[in-house]
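Chain naming follows the written order as A, B, C and D, and within any one chain the residues start at number 1.
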Amino acid sequence: MSTLTLHDAQNVMAAAAKRADEVGQPVNIAVVDAGGNLRAHIRQDGAWIGSVDIAIKKAWTSRAFDIQTRDLGENAQPTQQFYGIHGTNDGKVIIFAGGVPLRRGDAVIGGLGVSGGSGEQNQTIAEAGLAVLQEFA
Amino acid sequence: MSTLTLHDAQNVMAAAAKRADEVGQPVNIAVVDAGGNLRAHIRQDGAWIGSVDIAIKKAWTSRAFDIQTRDLGENAQPTQQFYGIHGTNDGKVIIFAGGVPLRRGDAVIGGLGVSGGSGEQNQTIAEAGLAVLQEFA
Amino acid sequence: MSTLTLHDAQNVMAAAAKRADEVGQPVNIAVVDAGGNLRAHIRQDGAWIGSVDIAIKKAWTSRAFDIQTRDLGENAQPTQQFYGIHGTNDGKVIIFAGGVPLRRGDAVIGGLGVSGGSGEQNQTIAEAGLAVLQEFA
Amino acid sequence: MSTLTLHDAQNVMAAAAKRADEVGQPVNIAVVDAGGNLRAHIRQDGAWIGSVDIAIKKAWTSRAFDIQTRDLGENAQPTQQFYGIHGTNDGKVIIFAGGVPLRRGDAVIGGLGVSGGSGEQNQTIAEAGLAVLQEFA
């Protein structure tokens, strides 16, 4: 499997940060590798301190289950098939929008997490980030 | 950004405590600074020991996300955009009424948390506290 | 057993704070009641944020074992009879100077913790605090 | 107090990363702000995954106590005045070399943590980072 380098992580984060600037919403941005371990993180000026943890955990979640956290969330509501999953893995599972798997070709090589805006803002910022690796795969 | 001093914290807490006395409901009152770190805390005579932790975490939450915990709670219900946020940040996120950001001018310089009464009681006590800094801003 | 009131706690903390000012060392000061639960806390301007936790835990430790943390520490060094005790109680046990039991008459009614200075500074500040209850017992 | 910006954090980290490359030792590098909250982190290619946590906690520790972790470590050995401090603050206190406070003028505005090499390597890499803010203060 192709490995996610620090250079990859920083390119992904730069694209996400650029989109956050366009949206006008400061955020936390985090990238983990295929092992779910943190590669890089930034907190933009003015972004919430409570979102540091959430951005890192969104990145972890999206790699841990190879799924966008928004999609996992739909299955994690009361009465749905994965309800309660947010209490597993020592609280590392996030079930709202902003986390996306990072792919090169068909392989998931990491995860990207964005936190600090609304669900929609976080999602669009994360999508700007993941596009970087997919374009140059 | 203007710093929240211990003197500020004690003024805020005195106003909240006075309101708690008027309401007739003993509570825990806590103030954190802009970094989310505890500045001061009191547990009034007769207030719950289980509310020490909650008051401190309400203060933290309201600064960590620059939002009243009551309002965060509305966005954290099942099917809402931040459902599951109460499980993040090692359990420090409180999603019911009683936490409010402390502002001087436009800047959030800390957070105030009140716990021990009903949601309405905690809210009115917290509002009495935050008014102190806003009046003299 | 005579109960430690918030008024008591605040008198103890005021005396400790006054001594800290004389020493010229800003500190965190915390008081717990007979149940080991936090009654009040202040972080003086300029005091370390890492000492919030330590001051509270010193107060708890000194009540939990009815002993000054300095004295407990002597028994908690490698090869001594309580070596390893700092890993018990979920890490709440502090084994260096600055925590003292609070007594009224013969009864231990709480604990006081001071953190932010050297061991000697914390000890003298804590002693100024505990003297308040003993004088008026 | 002058605030540490993301731009500051990234300049500090770039200087530390450059020194790590010269030393030939890949490391984790983390920066926190004055409140002890994470501003940015990188894990260089080949650096230990077990050092992510340590780098972040070294940065926190050096700000939480306004001291280099190497110096704190000397006071935290058995029989010394702060022995046991590494068990406080929920295990966030690191007592070996690699964490340094970040200053602008006289004010501590954050902390820098480096982990992945020997104590000496981490220290020299951290020193290259902190010099950035001091030069342009």
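Rule of thumb we're sticking to: contacts are C-beta pairs under 8 Å (C-beta built on N, C-alpha and C of every residue); 3 or more make two chains touch, one makes a residue touch a chain.
In UniProt terms, the chains line up like this: A, B, C, D = Cobalamin adenosyltransferase.
These figures come from a predicted structure and were not determined experimentally.
Novice: Looking at C-alpha means, what's the farthest chain from subunit C?
Specialist: The chain farthest from subunit C, judged by C-alpha centres, is A.
Novice: Check the residue numbers that subunit C and subunit D use where they touch, and answer same if over half are used by both copies, otherwise different.
Specialist: Copies use mostly different positions to touch.
Novice: Across the interfaces A-B and A-D, which one involves more C-beta pairs in contact?
Specialist: Taking the two pairs in turn, the one with more contacts turns out to be A-B.
Novice: Using Cα averages as centroids, what's the distance between subunit A and subunit C in whole Å?
Specialist: So the centre of subunit A lies 43 Å away from the centre of subunit C.
Novice: Using mean CA coordinates as chain centres, what's the gap between subunit A and subunit B in Å?
Specialist: 29
Novice: Give, as an integer number of Å, the spacing between the C-alpha centres of subunit D and subunit A.
Specialist: Measuring from centre to centre gives 26 Å for this pair.
Novice: Out of subunit B, which residues touch more than one other chain, so two or more?
Specialist: 35-37
Novice: Which of the chains are touching one another, listed as pairs?
Specialist: Applying the touch criterion to every chain pair yields A-B, A-D, B-C, B-D, C-D.
Novice: Under the stated contact criterion, what part of subunit C meets subunit B in this complex?
Specialist: Residues 5-6, 9-10, 35, 37-45, 49, 52.
Novice: Which of the residues in subunit A end up touching subunit B in this complex?
Specialist: 48-51, 53-54, 57, 73, 76-78, 86-87, 91, 93-97, 118-119
Novice: So in the complex, the part of subunit B that touches subunit D is made up of which residues?
Specialist: 1, 3, 33-37
Novice: Which subunit B residues qualify as touching subunit A in the complex?
Specialist: Interface residues on subunit B, with respect to subunit A: 35-36, 61, 63-66, 78-79, 81-85, 87-91, 93.
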